[in-house]
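Two complexes follow with chain A in common, the first pairing it with chain B and the second with chain C.
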Partner chain A sequence: MSAPPVGFKALLRDLTKSRAGLTGVSILLALTIVTASVVGLYGYDVVTKWNDPFAWFENPRLAAPEWSQIFYQKRLPKTIMLRESDFIRSEYVAGEESLKYVNLEGTFFYGYDDFPSEINLLISGTFGEYRPLVKIQWIRPDGNVVFCTSQVLENRNASIFISGDDRVRENVVDFMFAQGLTPDPKRVVTQVALFAQIDEGMGDPTSARVLKSDSSGTALPYRILVQATMHGYNETISAKLIVYGKLYGLAGTDNRRRDLLIGILWGAPVALAFGLISSVSSALVQTVLGALGAWYGGWTDELIQRVTDVYLVIPFLPVLITVSFIYKLTIWSVLIVLVVLSLFGGLTKSTRSMVLQIKEEPYIEAAVSYGASKPRILTLYILPRIMPYAFANIVSSVPAYVFLEAALSLLGLGDPIVPTWGKIISEAYSGGAVYYGFWWWVMIPSVLVFVTAAAFALIAYSFDKILNPRLREE
Partner chain B sequence: MPADGLLYMSSKMLLKRAAVLAVTLVVAMYVTILVANGGGYIDNLILSELRQEAGYLYSRNPLFRTLPIEEQNRLIEERVQLSMKARGLDKPFIVRSFIYLVDALTLNLGRALFIRSAGGSSSVRDIIFERLPQTVLLFSTGTVLYIAIGIYLGLVMTKNIGGKFDRGMTMFAIVASVIPPWFIGIISILIFVFYLRLFPFGGMLSVPPPADPLSYALDILYHMVLPLFSWVITGFPYWAYITRNILVQISQEDFVMAARAKGLPDNNVMTDYILRPGLPPIVTNSALTLITSWMGAIITETVFEWPGVGGLMNAAISRLDAPVVIGITVIYGYLLVATVLILDAAYALLDPRIRVSKK
Partner chain C sequence: MNNKTILSVENLTLFYRMSNAVVRAVDGVSFSLRAGETLALVGESGCGKSSMANALIRILPRNVHTYSGTVQLDGTNVMQLDDDDFRETVRWKQMSMVFQGAMNVLNPVLKIGDQVAEPLIIHNKVEKHKALHEATDILGTTGLPDDVIERYPHELSGGMKQRAVIAMALIMKPNVVILDEPTSALDLITQANIMNLLKDLKRELSLSYIFITHDLSLASELSDLVAVMYAGKLAEVSDADHVYAEPLHPYTKKLLDSVPTLRTDKKPEFIPGAPPDLSEPPPGCRFHPRCPFAMDICKAKVPELKKQNGDRLVACWLYDKEGRA
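Let's turn to the complex of A and B:
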């Protein structure tokens, strides 16, 4: 293979001339802009929030992105939230017992074709030695009242998980029997029964039909009534209701209720930085070493060649996995190991053979004859000639490193803190996303990994003729 | 130059090459041994495990508890030292690393620390050979398949350089060759398994496996479809591309021009003037790829739960079972070095240019 007879200018010209190259560059530009805005908007706080299990409780679990509604025949619910101020409050004090009764009533309309995924009622109060008694009733648009639960508040910030609470479920089953239905108690799902039309299908999520109460229609709203009995004038109580939907945001949520959009956007700079740093550093080192060996010859060359051979025998991935497993590395330490493992490689060999040819060219001979020093010839006359080749190699090897990060994550060796595309894909995989069809969890980060890889591949395609100079003529 | 002189020269060259490769293998193996043992880090783990075991063993003995605490510690320590000696762990790591090296190079693979074969054997040889057929079945088949498809498509591309198919395939190859098979695997599981319900989720056999041999074979085939598809679809584009590049390069050589100028039919030029010199690099690449397929694919096997060598390697790494890691690597190293040497010898005998150019 002869050395490419072009410099960086020709490289850029080739890039802008080809449609593939332009497409690749525009994708990368878009990614960079998104990246810059994510880092600018959110800052590093997002990473802390991403790993905080309490930061995401208002989001539905495993919700699909909102735009995916177009794929579904029925309207899927979004999350409905009634905040403290949305509740209508009435209080009265009963005589000398210093008892205080507080009624909190929340109202909302529900016009979706599918049932909510979960229901949670958060109650916070300030109280003294005696704990308040709380009674919760669910008033349906058809006028029926479901008694949910009546319990003593254990903590100042209690969460009554209506859709998961066994007592509530038993009461819902009792309600259904009282309506003259004969449900199989094992199949009753609280959040379905609370929102279902009263018929025989109510007891089974597969056959239940939603009792809609559209705000436009004449139907009444759903109401939740929280009645608290408190033991002092100063004691307060407030409630917050979350009826979790099945759609959320632009990228959906994962099984820990996290907004995947944030993780995915944050993953872009990490992926780009990881791919670029590793490919740039390994390509530069390999190029320089290959040129060094070919130019100086003798034992330098022999040593570099032999070490390269050893590198080619050592299995790259197992060694990388072993090191990251034993030392539990972060993504940036993995990067260092990666670079050390790629100091020598295929590029060392191809650079060497190119420099062996360049060495024989007249202009090098001329330089030698007028007394240019060896290092000078190497750095000023030879390296610039092979740099376009190294650059094209960098571009074409970035995707491999982006995927490598994902592969390590898939083995559970990803960075423990920073959200990366690979980590999201691997969490989706281990969270059973491909087995239960949580497609957004897998597909959105996958598509982004692919688009990024393809962008670099397209740019590499426009460099193809430089990488394979003998194929220039058509 | 007389013919036997040539032969003498090439055999001397081959000997030198063999020596270099042998040194390469030894150094590479030693590095692997150091890495697989975590540079001696694993010793600490084994030591604390043995100490815990000894303490547990003695604590069940009521007499032991009546002894003074120093005596108890002395007894535990004594037992730990004995079991260290029994495992050959009493020598310093640096000394043992060379013992491991000699063992590995003489293919004395020894016993695994934790992993057992399905039959309960702890011999590294048994463990590896138990996994080998599955890996060969899937990955070597797949590799042969994608090399064949790739070379064929490469030939088709070469027929009309710069044509629509050539350009389209080149673009496809460059994009597709960056995608790893496990990536296609995850997405194809989602599409073909979850949504279309066409294939099983993973593994190699149904549970329970079918009794008669024919449906057994069909069952394996059924489980193989998706992993094979992922392996081939990500493999062949690259092969089409490099085959094309090698052949195009040769077709621009002067001797091909001369053959064309003589008026030889295109088919003759292709087979005798382009394919013949193009074959060695293609054969070398094929052989090396095939050898590498022996290692399986760690991630692809994980995604498809395929019980192969790649999965074994992963299990060995995550349980810090150094002998298994070393065993797999040394077999791979030997196969690789032997292949390179055999190919070198074959070319030295067959290709006149190689004999002369190394003078």
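Let's turn to the complex of A and C:
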């Protein structure tokens, strides 16, 4: 039986000796690096961006993470974006009427096994009193031309949502009838029909087959043709096409097209800070109060113990829920309420019992005899003895607070602004992620909550072995 | 040795309050100690030896019933000082203590240097590095190497710990050191080393010891005077040479008979009965229920500590005219 290690370095050395401790420390280190890099790379701007509904329109909605392709047999599409500069532009001015015709042609290959989730065409132009007329045609690799829409631009920045526009859909249905097919107009899905081989099932996502145009196949690309008629030679127009895929990034996207990776990365520092601050502060306060009571005794002890008794019967979670329901607290105010609610608690009791034992030890008596004052004995003789246990307690209570934050968010009482893991899970829940199978939306934050909790649990487990000599394996 | 008296104790009394009884742990003890002398306080377990040490240095538990008497230390009655004055002027500056069981006397989370320097830092508000310097010196005096100041108690052997505890007791250069079983829980070789160290220190620093032990042979090593304590009272106070050769009090005789001897056939004797319950001590002489020479007067009247055979003091009716009559 060897003595407990003295000092932080020795503790860390002993900790990394055991496999559990090493795993825990590695996970924690990784999370800390992520935390540091997230704060360093993105800064707090990300939080504003996270809540801005217009910042994410280029991302697909509810896309799975890219690496999840390995689970699917067919190749899922990624987002294809044709920027303004990707369009081939040709324009000519027609005489004195000062009519200006602009043709914008975008081309792209499409070799995936599944259909895109959405198609959006963004048109921006500068024009005067008379608005330009825009005609959009979809030219398929098989040579067929689908007339999509022809409309007058209402705004300088217009978005023609091809996959959702009713006029486009009617035109696509007309195209199908013209091919001699008999589709059920209600069941035709625009973005499917535009990319499908011509057959009876082409409008229906369950039966349609993709008309591929990668270099191995027909080699002809898909083309979109935007023809604008403008009323002045100095008027301009440009287009941008987004063919939304079904895969995105490392963590996918949610129903508001947000890159979940950013939310999840930002969740790491929040979870760590929340868990550590709340457990450190409550454990330290409880330890010091317990030691104070046991050492000074008398009415100090009585007061601390009776207040602890009261605290122990306060229903913690209901009070927290009530407070955050009434005041709509941010996560940091919840933290303060949490610490206030755990100033006294179980650790006050267990520390007291330990100090009652320690204060009878001869070295305390010796210290009294050579004149050490009561506060000196408390800080220099008693507290260092119980600090390792307080420390182990801190580590083992972190997971509880990480879970608590997630639980509060799931109950809708989380922070309204900062993205946290619990909040992402909560949004996934209300977005029906479990029902519709958007697994990444639920799984990734849940796994991270679990991994963080497990890291602290592993460290606590090996701490216990180090600090409790009877559990040592040597 | 005819030095001035450095410590004189008159009628020192310490009673503890129990739930429904009063324990007379130290009951009217008087003795005096001259500078440079050693008084060995011997007796069975539970006879009040450690209580007496605690009463002298005033480390009292909460349940004190009576604490009275006079303790003249270097000419001042320290019993009249209040707790703070006592702490500031007496403890460690004039009188220090080496506690029983060195294993547990050192704070396990303090380095030896810091621990030994503690009294200096507390009392004299000495800066830490100076205090550590002095600690190194005094640790050297007790035969410990310099690097020990950087070590923790669990890294030291029992003998080294005991040396460190002695160093801690000496760091403020007190006149009187109370040694409460300083060698208990040490093996015989280490015990001998510590005893030699204590002798050397006494000579070099002209210390006075109050040496509390239950081991009579150990007491003979170090002591000039031997005080035999029984059930909270002193039975006999004699110079060391005479006590062993010619014990006066029957209890002292019995105690000496119970010491095992080497190379003789004599079986160690034991004293019949057990030490009395200090909450209800027997009337008269407290030893009378176990005394082979008990007389009627022993059961009725408490014998006083009286001079006998020169400077020797004994509390027994056998040596009193009133008793013999």
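By our rule, the second predicted complex is superposed on the first by the 447 of 474 C-alpha atoms of A that agree within 3 Å, B and C clash if a C-alpha of one lies under 4 Å from a C-alpha of the other, contacts with A are read in each partner's own complex, and residues count from 1 in each chain.
Methods note: a residue touches a chain if its C-beta (ideal position, glycine included) is under 8 Å from a C-beta of that chain, and two chains touch if they have at least 3 such contacts.
Every value quoted in this text rests on a predicted model; they were computed, and no experiment measured them.
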Partner chain in contact with A:Ala367 - chain B first, chain C second, else both or neither: second
Which of chain B and chain C A:Leu41 touches, first, second, both or neither: neither
Partner chain in contact with A:Val323 - chain B first, chain C second, else both or neither: first
Touching partner for A:Arg385 - first (chain B), second (chain C), both, neither: second
Contacts of A:Gly437 with chain B and chain C, given as first, second, both or neither: first
Contacts of A:Ile70 with chain B and chain C, given as first, second, both or neither: neither
When both partners are placed on the shared chain, which of chain B and chain C touches more of chain A: B
Touched partner set for A:Phe403, first chain B, second chain C, both or neither: first
Intersection of chain A interface sets (partners chain B, chain C): none
Of chain B, residues touching chain A in the complex: 20-21, 23-25, 27-28, 31-32, 35-36, 38, 41-42, 161-162, 170-171, 174-175, 177-180, 182-183, 186-187, 189-190, 193-195, 201, 245, 248-249, 252, 295, 298-299, 302-303, 313-314, 317-318, 320, 325, 328-329, 332-333, 336-337
Partner chain C, residues of chain A touching it in the complex: 3, 6, 361-363, 365-373, 376, 380-381, 384-385
Parts of chain C lying in touch with chain A, wherever the complex brings them together: 57, 59, 87-88, 91-92, 96-97, 99-101, 104-110, 118-119, 122-123, 152, 154, 165, 168
Chain B-facing residues of chain A, complex: 20, 306, 309-310, 313-315, 317-319, 321-323, 325-326, 396, 399-400, 403, 406-407, 410-412, 425, 429, 433-437, 439, 442-443, 446, 449-450, 453-454, 456-458, 460-461, 464, 468, 470-471, 473-474
